[in-house]
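First chain A sits with chain B, and in the next complex the same chain sits with chain C.
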Partner chain A sequence: MKKALFILLLTLSYSSFSQKYFTRTGNTNFKASVAVFEPIEATNNSTSVLLNTETGALVAQLFMTAFQFRVALMQEHFNENYMDSYKYPKAIFKGELSNFNLLKVNEKEKHTLTGILTIRGITKEIKTTAFLKKENNTLFLKATFIVSPKDFKIEIPAIVEKKIAENIEVSINYTLNEKE
Partner chain B sequence: MRNTMLFYSLLFICSSAIFGQDDLMEELNLETKKIVTFNLPAFKAMKIGNLQSTKVGGKGDLYLYVSHRFGPLKDGFDTFFGLDNANTKIQLAYSFWEGIQLSISRESYNRTLAGALKFLLAKQSNKFPLTIAGYSTININTLLDENNFPELKSSDRFSYANQLLISRRFSENFSFELAPSYVRQNVQNLNIVSEARHNQFAMGFGGRVKMSKRMSLNAEYIYNLSRPENSPFSDAFAVGVDIETGGHVFQLLFTNAQSTNEPAFISYAEGDVVFGFNIVRVF
Partner chain C sequence: MKKNRIKFLIVLVISIILLFPFYKLIKEPEGIETKKIYSAYSAKDLLLKVEKNDTFWNAKIVEINGAITAIGKKGITLDGKIYCQFKEGLNTKNLQPNTTITLKGRIIGYDDLLEELKLDQCIKIKPTL
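Now for the complex of A and B:
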């Protein structure tokens, strides 16, 4: 009986904090191109994102090997030579949307998104503006931010140094649905 | 007792608020476990040395292969360790569809024209342990002279090889491949081979050890199960290094076969060690 009560309370306490929005097909894109040289950009269409709409806490992860490039060989070099994807298969983001209120999302489009991005086991603080929109039970989230290969100690050989941008623009475009 | 329970529940509520991001991440970890993630290729190039690897070029990628196999090292300074005599092969490979690669080539050895097809059957992932590819090639020997062989039929110029390529990348730095092979030789010169074996079965073994991000040590051995006892030919092997520089892979190797085409090196490896290289360029 007591056990049942405990479980009930636990469930209640948990559910009151568990309104969540989720996607497994989020779009994350980066552009590391330098004008004149061949374009270096890739898209990941399987980013997993989870947002707690009570607290505004937002977490995301993606597999580095799921980035698609224009040339398949570029993808292989990205993973083998630059990102060490065998050792560090995932990129992880842990953060929050400040002053998030699900009911008032459409009143104020811009939100501050802050958090910690972990790539190759190295962390970097991210702060950017996220654009949010809600339609029925779907939440649209868009943002861009800049990272540098140096931030994550990515070694770039001298011969290709000029071909890879120092500032890489990362764009995120996530369509989140209410999680059951 | 009830109070204790309440206390724990309250604690849970509080903790989930404080450690919200970590709990959320745990929940997300459970979700991403369901995602299938493919391993990176077991080999850098389409060949380990002579033996085909399980690698198939991406859709729309054009590969140019230039291969040289020099003369026997034992010829010494007379031929500058074989460098005076070279078998040259030029090959183009292209993938019109994802996972299917077509190639055409010409090599000096027997002035051979060859066409080949390689296709991926399975890719190593967190759900499946192996990469499996099929490989099939037709070779046409254009050197056979009708003046020397008056009864020569055009079908006699053909030889074939069919291989199943099975690889596993055991770790970041170690990959291994098995290649059960079937070779068909339409004609056998009985002045050279003691008895005709038109259908030959072989088992190829190949592997690589990555020494750095852009360099690996490769080795292969192909055991021919159908070779007659007093055959003048040997089982083919190759040992070499891969050096990758962006769009190129340089494969420098030592082997005991002159030809780089499967029906020839599986059946007719001469046995004398030669130096050779493959240069791979992707467009």
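Now for the complex of A and C:
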């Protein structure tokens, strides 16, 4: 009897630990373009994301140097002048999805995604609306939010100031699978 | 006749010099294929090296060989600890688990969230298909 209880407890604890969805190749994109000037945007297709499907807790992490720009020079300036990618290689988001229930994921339902974004060692609170979709054992998560270079004390030289938007739109598009 | 040719050459050289900055403004990032390899390592050695000093390895291009322990849609895991994301457009079909492979790729960093080293833009060196 004791043994059975032990096994039961063990499987229960194991199952609660295994309730995680993840990806290594999440898509994070930002647009800092100003109309009239050349588009400034980049995509990161190597974002790691971990979602605890019991609590809705979400952690996403990406490496700055993995942002791909269309123009080599822009990528160089982004890493060396603005983001200090060699000193601060990562951006991390730690947050939570509201009313998350894996069994009741519904395309039409809006979830609030709140959390802390850390870039260059500086934190900023993020609050936005996220959309979820579930197909078989795959979860799709989409959201957009706005940040500003000022939030992270990124100094932009006056000569290019007009070309870089004050409000940068970040969109996330993650396809998560169950983690064994 | 000869004078004309010299004139033409001078104009050509000057226009190349003048246009070069514009070329730099529109140039695409260099592809992984032509980038120089920093050095070649086995998966195990590279892991040990990066653990010691991970900022040094940021964005370094390396050749890496190891055993395939997992195969995903967009990349593979070597020796259970290194995730190699393939270059966009390449697929992981025709790869077999538990076989060895040599890749060229770019180190993007140690991912402490999933506890693995991460490379992107990987292309196959050996075996070639």
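Following the convention adopted for this analysis, the second predicted complex is superposed on the first by the 161 of 180 C-alpha atoms of A that agree within 3 Å, B and C clash if a C-alpha of one lies under 4 Å from a C-alpha of the other, contacts with A are read in each partner's own complex, and residues count from 1 in each chain.
Please note the rule applied: a contact is a pair of C-beta atoms (placed from the backbone, for glycine too) under 8 Å apart; a residue touches a chain by one contact, two chains touch by 3 or more.
Small disclaimer: the values here were computed from a predicted structure and weren't measured.
Annotation for the three-chain superposition on chain A: chain B and chain C clash.
Looking at the superposed arrangement, the partner reaching more residues of chain A, out of chain B and chain C, is B. After overlaying the two complexes on the shared chain, residue contacts for A:K94 are found with chain B alone; chain C is out of touch. Of the two partner chains, chain B is the only one touched by A:V160; chain C is not. Contacts of A:H77 after superposition: chain B is touched, whereas chain C is not reached. With both structures placed on the common chain, the touch criterion links A:Y86 to chain B and to chain C. In the superposition on chain A, A:I122 makes contact with neither chain B nor chain C.
By the document's definition of touching, both partners, chain B and chain C, reach A:A66.
In the superposition on chain A, contact is made by A:N52 with chain B only, not with chain C.
With both structures placed on the common chain, the touch criterion links A:T25 to chain C but leaves chain B unconnected. The clashing stretch of chain B relative to chain C, chosen from 114-122, 168-176 or 222-230, is 114-122 in the chain A superposition. Residues 22, 24, 46, 48, 50, 59, 61, 63, 65-66, 71-73, 75, 85-87, 89-90 of chain A touch chain B in one complex and chain C in the other.
Contact residues on chain C toward chain A in their complex (touch as defined above): 24-30, 54-55, 58-59, 72, 74-75, 83, 85, 88, 108-109, 111-114, 118, 120. The residues of chain A lying in touch with chain B in their complex are 2, 5-6, 9-10, 13-14, 16-17, 20, 22, 24, 46, 48-50, 52, 55, 57-61, 63, 65-66, 71-73, 75-77, 79-81, 85-87, 89-90, 92, 94-96, 159-160. Those residues of chain B that touch chain A in the shared complex are 1-2, 5-6, 8-10, 12-13, 16-17, 20-22, 24-25, 27-29, 31-32, 35, 37-38, 40-41, 57-61, 172, 213-214, 245-247, 282. Interface residues of chain A, counted against chain C in their complex, comprise 22, 24-25, 45-46, 48, 50, 59, 61, 63, 65-66, 68-73, 75, 85-87, 89-90.
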